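Presented sequentially are two complexes of subunit A, the first with subunit B as partner and the second with subunit C.
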Partner chain A sequence: MMHDFTLRVAGESGEGVITVGETVARIAAREGLQLVTFRTFPAEIKGGACMMQLRLSDQKISYHGEKVDCLVALNQAALDENFPDLKEQGVLLCEAECDVIEDGLSATVYKVPFERIAVREIGSRISKNIVVLGVLAELLAIPKPRVEEFLAEKFAKKSEAILDHNMQALEKGICFARENFSKREGFGFPPGKPERHLLMTGNEAIALGSAAAGVKCFFGYPITPASEIMEWLAVHLPRMGGKVLQTEDEISAICAVAGASWAGEKAMTATSGPGVSLMSEALGLLSIAEIPAVIVDSQRGGPSTGLPTKTEQSDLMLAIHGSHGDAPRVVIAPTSVSECITMMGAAFYFAEKYQMPVIVLVDQALSARVETVKPGIVEEIPKSSRLRAQAPAEGNFARYKLANSPVSPAAIPGTDGCEHMVTGMEHDEFGNFACDDETHTAMTVKRFRKLEEIEHDPLTQNLCQSIGEGRADIGVVTWGSSAGPVEEAIAEARRLGISVRGLVPKILNPLPHAQMKKFFSEVNRVIVPELNFTGQLASQLRATYRVPTISLTKIKGVPLEPSEIVAKIIEATDGLQQRSARRYGRAR
Partner chain B sequence: MEEQDKFCDYLSGVNPVWCPGCGYYGILGALVEAFVDLKLPSKELALISGIGCASRLPYFVKSYGFHGIHGRALPIAQGVKIANPNLTVVTVGGDGDGLAIGGGHFPHVARNNVDLTYILFNNAIYGMTKGQFSPTTTLFSSTKTSPFGLTGEALNPSALAIVYGASFVARGFSVKKEQLKDLIMQGIRHPGFAFIEILSSCSSFNTTDMNVARLLKAIDTVPADHDPENPVEALRLAGDESKIHLGVLRRSSRPSLEDRFQEIEKKAQRGKSHGIDSLVRQFA
Partner chain C sequence: MSTAPTIDYEKIKGVHKIPLEELYTSGHRTCQGCESATTMRGFIKAAGSRTVVTGATGCMYVANTSYLTTPWIVPWMHTQLGAGGSSAVGMAAGLRALKRKGKIKDEKINVINFSGDLGAGDMGIGGISAALQSNYDLLIIMYDNESAANTDIQATGLSTYGAQTTFTPPGTKHPIMQRRWKKNVAGMLAVGHPTCRYVATACATYPPTDYLNKVRKALEIGGPTFIHTYDPCPKGWDYHPRYSNELGELGIKCGIYPLYEIVDGNIIYTYDARKTGKGRIPVKEFLTKQGRFDHLLPEHFTYIQKMVDEMWDEWQMPGVAPIKGILKARI
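Right, the complex of A and B next:
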């Protein structure tokens, strides 16, 4: 049977919530367990409520879990906020001073004086998080040597005394749990597996994937929730001979990407919605000038400054259409941390091969979540290269040659005999400005034909995930980080006996038409869950395939929960039953 | 004649679209002569521009040319130079492109000391959109969009460049072609960010601010004893309202962005280049 355990740690930012969560996560990864986490961020720089949730399993999981088996609440506010999500038979660990109404409660409640142990017995308030860790280690059967090993690494650069201090705090926590808690079999960590997993956030995965795909120049401007991508690359890219520059704004960043890419290097930027808005004009430039570029958009909530620390999937239309004129670009959306690595490879593959901008859509929840990744994953990254030109035997080099293939060989500056213009103006084959209707039509068609070729590219065929096969009453189509909860919801709905399957296009422009059309022909009703108000993917599907869709939208700043999707599936099933009842008459 | 042949070698064959009498023809001539004298191979020359009359220049010169978007020539040029430091990168553009819409990029490319030459054609008007005021148009001027007189003070491009920390700042005049060629050559040779402001008339839309006859009376060569290493003196000359000083106003020596990147790489690698495997291991 699948082992499935969900832990949530909640408190005030600065109380060590994240340290506890990350430590448990790291150990789980080293134990060979699968792990998906979720964390919230307060909008404040210091203080504010925060929580980290970890779901661990001995099998593949794609969602961070809905109800929790164990809740750690470090203060009253955290308790009140998070208690409703505790399972009925779950375990609550809370700070001793918290008020818990225990009447009629089926959950187990352990009040632990975390703070008092830290202050009185260790003599430092900041070691409270290690006391929490000790209590959890005992309660959840986390192998103690692993915890000690981790602390030794964490404090390796600190003094012996500090490490000693923390080891004591750990021991105090363990002792308290041993003396006061009753043992629960099978609660917490399952037995470990021999292989160790990597553990990283979505943003780290994007950065690692970019480095592995061969990015040489990164230009960016700090923005929540994408900054960590630039921060990671600033440390590590120079080690591989690459360059990172923080520019004065996003416009400068994308334009520097254009320049660097034209000069022959793989170049990228990473930003959030506000940055993409600023970059929109340059997206058109990259498109018309046919310059490869990779742009990561880690989406956050709302328009303008909106909800900077909350998650949303509301930039789909911006990604596909943002910029004036007809400006084709590729849009892809990974659904997990592992895919953040491999799909950065896909991004550079499409950008370099088809000489156009590629937008990678992730969101705050995926950027920030920590997930286990298999160690050999970087080997799955597709290789990418740009078709290079040779100098013409005579005459000028035609950078934008109209030929059978919409992709013209490119020459990078420095190549002998291929001097040419690239330009944001409409241009002829040689890059000279030309505003006549024939040229504009021919060149626009050339640029859009790339999307047709991409649709049939072998790599595209792997960028659409089917959940289940064959005919079904209900079809669920979703994208990006909503794929995890959809997968869980479909499994749950099937357990309820509903005929349902799912489709997750990971390339959203161009859409994988063959697979989409087949899917629509095989299902009766289409539900489209996504994290935005207007149903952006649903609109896109209606416009492209003329299929009626049922939108399930959410703008609460947090991911969809499987139960919300299951409810929608059930609702749609009722509708189907009523419709078939009308059509065939009611059973007598 | 060999020299003339070489001049022709740098022409792309696309004819300039500028108005008859435009000062930019003189600048184009001086620029190409500078390339000839510097013996710069076309293939190693990257000419980057934004939008405007001046920004059309790359089409006319045999080189690797990039005609980008309005105001963004410098960020594009910066990306080109960072990706391939072997290229000679020259950025051209007008006063509107560089100081209005693109005004936010200028200080940063200057302070980063990116090794490129930025030539700003200052005709104090928007020519391509036919006669609206620019950031360098004189106060109170009547233009199409300031029919009752301009409300904003004119910016002084050279003074700005000095304040922004440009390591080379010079001012030239489109009709003073020999001096202009010399300034451009000095700018291209300068290891770091070189800024050259070129005063030029607009024969169609601004014959007052940049009236050649008036300018010829107002100009003066930078005094022989001027020390361009002294930023305060440089700023005084650049801002002098009694005379328009032509020549090298500012020159200083400091590491370019490329020098900095080399230092960063050394620090990051500590003697050994890292492969992707070592980066993966930190997540174990």
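Right, the complex of A and C next:
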């Protein structure tokens, strides 16, 4: 049987909500459990409502859970907002002063005066979160030595007194819970496994993945929610012999990437939607000059500043089409934190092998969520290298040679005998400016043929995940971080007896046509759930495959929930039955 | 130059004479001890209600518009990160056109843009430069808290040398990761725009009323004008919020942040840090009060002190242009 437990901690930002969540997450990872988390951020600098949700399991999970088993609410506002998400038989742990309407309530309510314990018995308001942790440790059967071990590590660099203080707070919390509440059997932490997992956020995974893929130059500009990528690389990349440079804006960042990459190094930048908007012109330069580059776009609610701390998947069209002219680029979208690592390898593989820009689409929810990752995953990263040029025996070096392969050997500037021009203007084989129609056509075809080659690349074949096999009534296609809830929804719909399967393309430009076409021929109706208003993947599918699609869109700044997708699947099934009834008469 | 009507402001002599009317009120969520909020509150008090404000993205934009609320009583508009100067030009041009066509009363309406050090000093400097070459009445205030504070304290081109930020984390092997010396934005703009009649540097709380009078002077003189304010930030500079005002004062007294105004090409030092001793205190007194410099070693303090001393003692125009002398032409 699968053990599954969901915990949510909610309160005011700065109250230590995230510390509680992260501590539980780290202990769980050490206990050998798998976990996915989700957290919201206020857009304020300090204060504002925030919450962290963790789902623990002894098996692989890809979604942070819809309803929670245990809710910890540190103030009334947090309680009111999060209470509807508590399971019927769940446990509510709240500050003693909160009002809970207990009539007809089937959930267990525990009221704890967290603040009073922290202030009166420990003597500091800041220890409140550790008291919460103590109560949780007792209620959820979190092994106490583990918590102590963790606190000792966390406060190792602080003074002895601070550690003592926190240990006391933990003890008070445990004692309070032991004296006042009865523990529920089998509730809380699933039993651990003798294996250990790494715990990291999507942004850390992206940074780690790119470092493992051999990135040597990173240029960036701070932007929520992608800043942590640069923050991680600023610490670690110099040790690996790389360079991190903060530029004065995103235009400089991408142009610096172009420079570093042209000079022969693997280079990348990371930004969010507003940054990609600024980079659009340079994307065209990278395409026409055939320079490899990796751009990470951690999407947030838009347009303009939009919802800077909330998630959305609304940059797909920008990623595929942004920039003027016909400027091909590769767009890939990882679906989980583990994939953030391996897909960064894929990004550099495509960029270096095909000499073109690659955009990695993640979103705020994926960037910020903490997930368990199996150790040694960096071994799975594909190796990447650029086709290097040899000086020609005679004549000039043709950097953009029109040959069978659309990829021409590249030369590091300054290589003897390989002198060539790199320009944003349309050029002939040698890089000389040429604006005649023949050259423009031939060169545009050359650049777009790369996409065809990528479609048949062995690596691309692995970049499409199929959920279920064979014929089905309903097919669900989605991308990016929405894959987690879709997977859960499909499992749930199957339990309800609906014939449904799913497909998650992880490469969105070019689309994996063979798998897509096969999928569309095997399903009757296609639902496309995604986090944007216009149904961007759905319109892309309609335009490419001429399949009718049912869009399920959401722009609430939070990820899709499995129940929403299940409802849509049921709605589509009803539609199918009605259609067959119209055509063949009602079943009697 | 434009012949637009002007407002005659009175010089504020002493804190008791500061206008009581609040045009930047409650409804913001800035941190405790936020000096930039004082800067906002100050300039709008000085400018008065006939003012339109535009703000580029930055912590003061995020904190001033959360939960669908805003502290601004005057009309206010948000603009993109690097668009501080251009938004002010657009606003001023629009108002001028409306006045010329007789759609609105021909009176002086102040256009003020506030941008952070990242928005104005790094990304938007091109737009501000263009605005200072225009002939519109506008004032650009760059509030400088030496970091990108809305995205969790990243370094900018205006961060002090050696400061710890999330993009410049110090380690034992390389204690100095912020290796760039602070960009001299006010000096650069003053030197590069001969027709701009007023450029000043200020601090919201020290010397008292100095900043407010500088805002009034800028608006009175008219045309495109620029003020750079120095805003200690408890979160980014890592100190207790109660010391915000004190740190601003120390920054000026130690000479790391020169205080001056340039009116029609004449420079007036509003705090004279040219002489050491009573005039200029050691830089260390300012740096050691902040957590972001905790990792500095004695040689770093010496280096920073040397650079500051050089600015005051050797530059021909301290704080404005790093020109030490005129050599004879070698032709």
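Basically, the second predicted complex is superposed on the first by the 587 of 588 C-alpha atoms of A that agree within 3 Å, B and C clash if a C-alpha of one lies under 4 Å from a C-alpha of the other, contacts with A are read in each partner's own complex, and residues count from 1 in each chain.
Operating definition for what follows: a residue touches a chain if its C-beta (ideal position, glycine included) is under 8 Å from a C-beta of that chain, and two chains touch if they have at least 3 such contacts.
From a predicted model like this one, the values you see are computed outputs, not experimental measurements.
*Asks:* Evaluate whether subunit B and subunit C can sit on subunit A together after superposition, giving fit or clash.
*Replies:* On the superposed model, which is not a single observed complex, subunit B and subunit C clash.
*Asks:* Based on the superposed arrangement, let me know which partner A:Asp416 touches: subunit B (first), subunit C (second), both, or neither?
*Replies:* first
*Asks:* Applying the touch criterion given at the start, work out whether A:Glu281 contacts subunit B, subunit C, both or neither, answering first, second, both or neither.
*Replies:* first
*Asks:* Looking at subunit A, which partner touches more of its residues: subunit C or subunit B?
*Replies:* Between subunit B and subunit C, the winner on subunit A residue contacts is B.
*Asks:* So, A:Thr439: does it touch subunit B (first), subunit C (second), both, or neither?
*Replies:* It touches nothing on subunit B or subunit C.
*Asks:* After lining up the shared chain so the two structures overlap, which partner does A:Met230 touch, if you call subunit B first and subunit C second: first, second, both or neither?
*Replies:* second
*Asks:* For A:Leu198, select first, second, both or neither according to whether it touches subunit B, subunit C, the two together, or no partner.
*Replies:* first
*Asks:* Which holds for A:Thr342: it touches subunit B only (first), subunit C only (second), both, or neither?
*Replies:* neither
*Asks:* Quick check for you: in the superposed arrangement, does A:Asp249 touch first (subunit B), second (subunit C), both or neither?
*Replies:* Touch partners of A:Asp249: subunit B and subunit C.
*Asks:* Quick check on the superposed pair: does A:Gln299 touch subunit B, subunit C, both, or neither? Answer first, second, both or neither.
*Replies:* In the superposed model, A:Gln299 contacts neither subunit B nor subunit C.
*Asks:* Looking only at the overlay on chain A, choose which of 219-227, 237-245, 255-263 or 273-281 in subunit B hits subunit C.
*Replies:* Superposition on chain A puts subunit C right on top of 219-227.
*Asks:* Identify the residues of subunit A that lie in both the subunit B contact region and the subunit C contact region.
*Replies:* On subunit A, the residues that contact subunit B in one structure and subunit C in the other are 235, 238, 248-249.
*Asks:* Can you list the residues on subunit B that touch subunit A in the complex?
*Replies:* 12-14, 42-44, 46, 48, 51, 58-59, 62-69, 72, 74-84, 86-87, 104-105, 107-108, 112, 257, 261, 264-265, 267-269, 273-276, 278-280, 283-284
*Asks:* What residues on subunit A touch subunit B, complex-wise?
*Replies:* Touch list, subunit A to subunit B: 30, 196, 198-200, 204, 208, 211-212, 216-217, 219, 235-236, 238-241, 243, 245, 247-249, 251-253, 255-265, 267, 281-282, 285, 289, 373, 375, 378, 396, 412-425, 431-433.
*Asks:* Please name which positions on subunit C make contact with subunit A in the complex.
*Replies:* 29-32, 57, 59, 61-63, 66-67, 78, 80-82, 118, 122-123, 125, 148-152, 154-155, 157, 166-169, 171, 174, 177, 235
*Asks:* Show which residues of subunit A lie in contact with subunit C when the two form their complex.
*Replies:* Per the stated touch rule, the residues are 42-48, 221-224, 227, 230-231, 234-235, 238, 244, 246, 248-249, 274, 304-305, 308.
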